[in-house]
Amino acid sequence: MVYLTRIEHFNAAHRLYNPEWSSEKNEVVFGKCANANWHGHNYELYVTIKGQPNPDTGFLFDVKKLSQLILQYVIEPLDHKNLNLDVPFLKGRMCSTEILAVAIWKQLEPHLPSDVQLHCIKLYETPRIFVEYFGE
Amino acid sequence: MVYLTRIEHFNAAHRLYNPEWSSEKNEVVFGKCANANWHGHNYELYVTIKGQPNPDTGFLFDVKKLSQLILQYVIEPLDHKNLNLDVPFLKGRMCSTEILAVAIWKQLEPHLPSDVQLHCIKLYETPRIFVEYFGE
Amino acid sequence: MVYLTRIEHFNAAHRLYNPEWSSEKNEVVFGKCANANWHGHNYELYVTIKGQPNPDTGFLFDVKKLSQLILQYVIEPLDHKNLNLDVPFLKGRMCSTEILAVAIWKQLEPHLPSDVQLHCIKLYETPRIFVEYFGE
Amino acid sequence: MVYLTRIEHFNAAHRLYNPEWSSEKNEVVFGKCANANWHGHNYELYVTIKGQPNPDTGFLFDVKKLSQLILQYVIEPLDHKNLNLDVPFLKGRMCSTEILAVAIWKQLEPHLPSDVQLHCIKLYETPRIFVEYFGE
Amino acid sequence: MVYLTRIEHFNAAHRLYNPEWSSEKNEVVFGKCANANWHGHNYELYVTIKGQPNPDTGFLFDVKKLSQLILQYVIEPLDHKNLNLDVPFLKGRMCSTEILAVAIWKQLEPHLPSDVQLHCIKLYETPRIFVEYFGE
Amino acid sequence: MVYLTRIEHFNAAHRLYNPEWSSEKNEVVFGKCANANWHGHNYELYVTIKGQPNPDTGFLFDVKKLSQLILQYVIEPLDHKNLNLDVPFLKGRMCSTEILAVAIWKQLEPHLPSDVQLHCIKLYETPRIFVEYFGE
């Protein structure tokens, strides 16, 4: 079994804000991340799949096709968007990097071919903070 | 003469939008960068100063003090902010990286001590796009 | 379960030297790393914790608090220090990156809240050498 | 148990081409990667070993010796070579990054000392694509 | 005046070989870079232009258009190619990084709009070697 | 004219301390950088030379020879050393990055061949601080 990783990029605005709390509590918990006018990030996304390489091609999966699937199902709905307002699959959810990584897994996993498995979604929010999710 | 560079980081939301144009023209010119709900970036800021090292310290300028000046006059007003809405020194201006780099120069330059000169503001908007401004 | 990683930085002097051996044997085993006048490194430290995100915040753990714990219990005692001479929790031990990574785990782990688990300490000694420790 | 990683570099030419297929089918499957005149990459190789540190040295294994083994058994036969034509241990095989990572494992593993285990071969083909192999 | 840089990527095969010299002399001068079966690299290309930002857009030049020009006139003819055999504008020339950087300047410069100037072509051959050319 | 840069690495211990000052004044001016037991860094060194490429080789200067000169005259005397105690060409001088960059220029420049010129010494002390020196 080998593991293949493709790195893609998107950037987006967001804020951390729980609508069931007062502004004061949001400010205490989230600090400047709760800014009502939003802030944003360049996100670096690592998608890792695993499986057996095909002996005819040497490929686990064609990395160009993997890239196209990521672009279609993940980058297109997220890039240059407001994570809190513009993204159907994040509606009503906290837009933390933890939640976002799990949501990207659920968004991408059903579209992968049956002979490969999604192994990990790794998401850098800044050059010094990242989250990983392995599907359970 | 030596050149000393300190790298700092901030993240912010913005959009590219000219209020004197129609939504359609903004869409044509700026594409998804005009998204009404904003998007955002992790900005990497390189501040370069130049001058003669002090023979007693070996320093052109104490890099901790340089860092504090950048934090006070540049990072504090920009970090976790909306560049179009929250930043007094960008009011009424296009929030492109070009304009932002020049504005950071004007913001920082008056606060440097007289025996060093600001040489360059270099600003990464994404890992593949950056702007430099040398003061003229 | 999600994994959250925070990257921090410190720099320090050290040498590799076993006091029970002769200078000659130290020289043979450790080469220039045994230099009696020390050498040093910029260490990049990756701290990974794991657990369930809190649905109210979307956070596994507030990354600012994680950063403060790392600074207080790890960076403060190590940064700009001599690992062989200045660090109580390394006294009498070899200052290899392997030993240092395990010592950082023991230093940090008791101070994490009970609802998260420390998963990995990853420590870069140079841009081309790093060590990982998973607690057992 | 600790994990120690050494990063090395090589560059090489290759093409993706299955000699049992027509040129047309190769073109369809591999696109520009099938270019008859070859193309090439800078490969970044991460070799991770695991085991118990020696209390006398603090080392899992002397990283200089690990580097020498990688240079002798992996970098020397691959660096500045044509992977399809010049490398005995790749003869008759597809030169994908997946196949190459597995071949590097088989090339290096028998030469490691018995008290350490090879844990992972990680190979970057470009800055945005990498493969990992854990030996099974 | 501001400077705007866009970074693009291509990979290619090449060899260093002067056809007017014997194989022996090529071997002495170029060493393993003269390998008859080629080797290759991931090239990172930094294109820097300079000029006045347009006050209506805040742009020196639309970075998406700059990217398209680089792709059309530079990346398309070089990516996944053999620099010695496949590239019309390198025919009969040594394929060193120095020569390649100058050739990229000549290839791109005529296609830039008249209100911006090409300032620098910077080309990484490996992560530790790069060449810059400023047009004279 | 083209510019060719080679990046090399060394690591070393140092402290910032002016022997003509009291310990108290050193502590005030240099803070933890004055630690009597030293600290250290991984230094990344960028050496840039300029000149005309040789039409027979395509080279400004053979980068392997440039690397050998840097190793012989710069890396060998600095790597795994104490900059304050072990380096003849730094004796009696403040070991700031500014002073070190100028000293490296003076150390390397006389050994370059007459048909190339040294253009810049760029020295990273940490991933966020670097100094450049252009020879005057």
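Each chain gets a letter, A, B, C, D, E and F, in the order it is written, and its residues are counted from 1.
Please note the rule applied: a residue touches a chain if its C-beta (ideal position, glycine included) is under 8 Å from a C-beta of that chain, and two chains touch if they have at least 3 such contacts.
Quick caveat, the model's predicted, so the values are computed rather than measured.
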Check your understanding: Hey, what chains does chain A share as contacts with chain E?
Key -> B, D
Check your understanding: If you take the mean of the Cα atoms for each chain, which one ends up farthest from chain B?
Key -> D
Practice item. Give the pair among C-F, A-D or B-E whose set of contact pairs overlaps with that of A-B by over half, matching residues by number. Key: C-F
Exercise for review: Could you give the separation in Å between the centres of chain B and chain D, each centre being the mean of its C-alpha atoms?
Suggested key: 41
Check your understanding: Using mean CA coordinates as chain centres, what's the chain D-chain F distance in Å?
Key -> 34
Exercise for review: Could you tell me the distance, in whole angstrom, between the mean C-alpha positions of chain C and chain D?
Suggested key: 29
Check your understanding: What parts of chain C, by residue number, touch at least two of the other chains?
Key -> 127
Exercise for review: If every chain is a node and every touching pair an edge, decide which shape results: line, ring, star, complete or other.
Suggested key: other
Study note, to complete from the structure: In contact, pair by pair, are chains A-B, A-C, A-D, B-E, B-F, C-D, C-F, D-E, E-F
Exercise for review: Under the touch definition given earlier, write down the residues of chain D that touch chain A in their complex.
Suggested key: 16, 18, 20-21, 29-31, 93-99, 101-102, 127-134, 136
Point to revise | Interface residues, chain B side, partner chain A - complex | key: 9, 11-14, 32-33, 35, 37-42, 44, 79-82, 85-86, 126-127
Review point. What residues of chain D sit close enough to touch chain C in their complex?
Key: 1-8, 48, 53, 55-60, 62-64
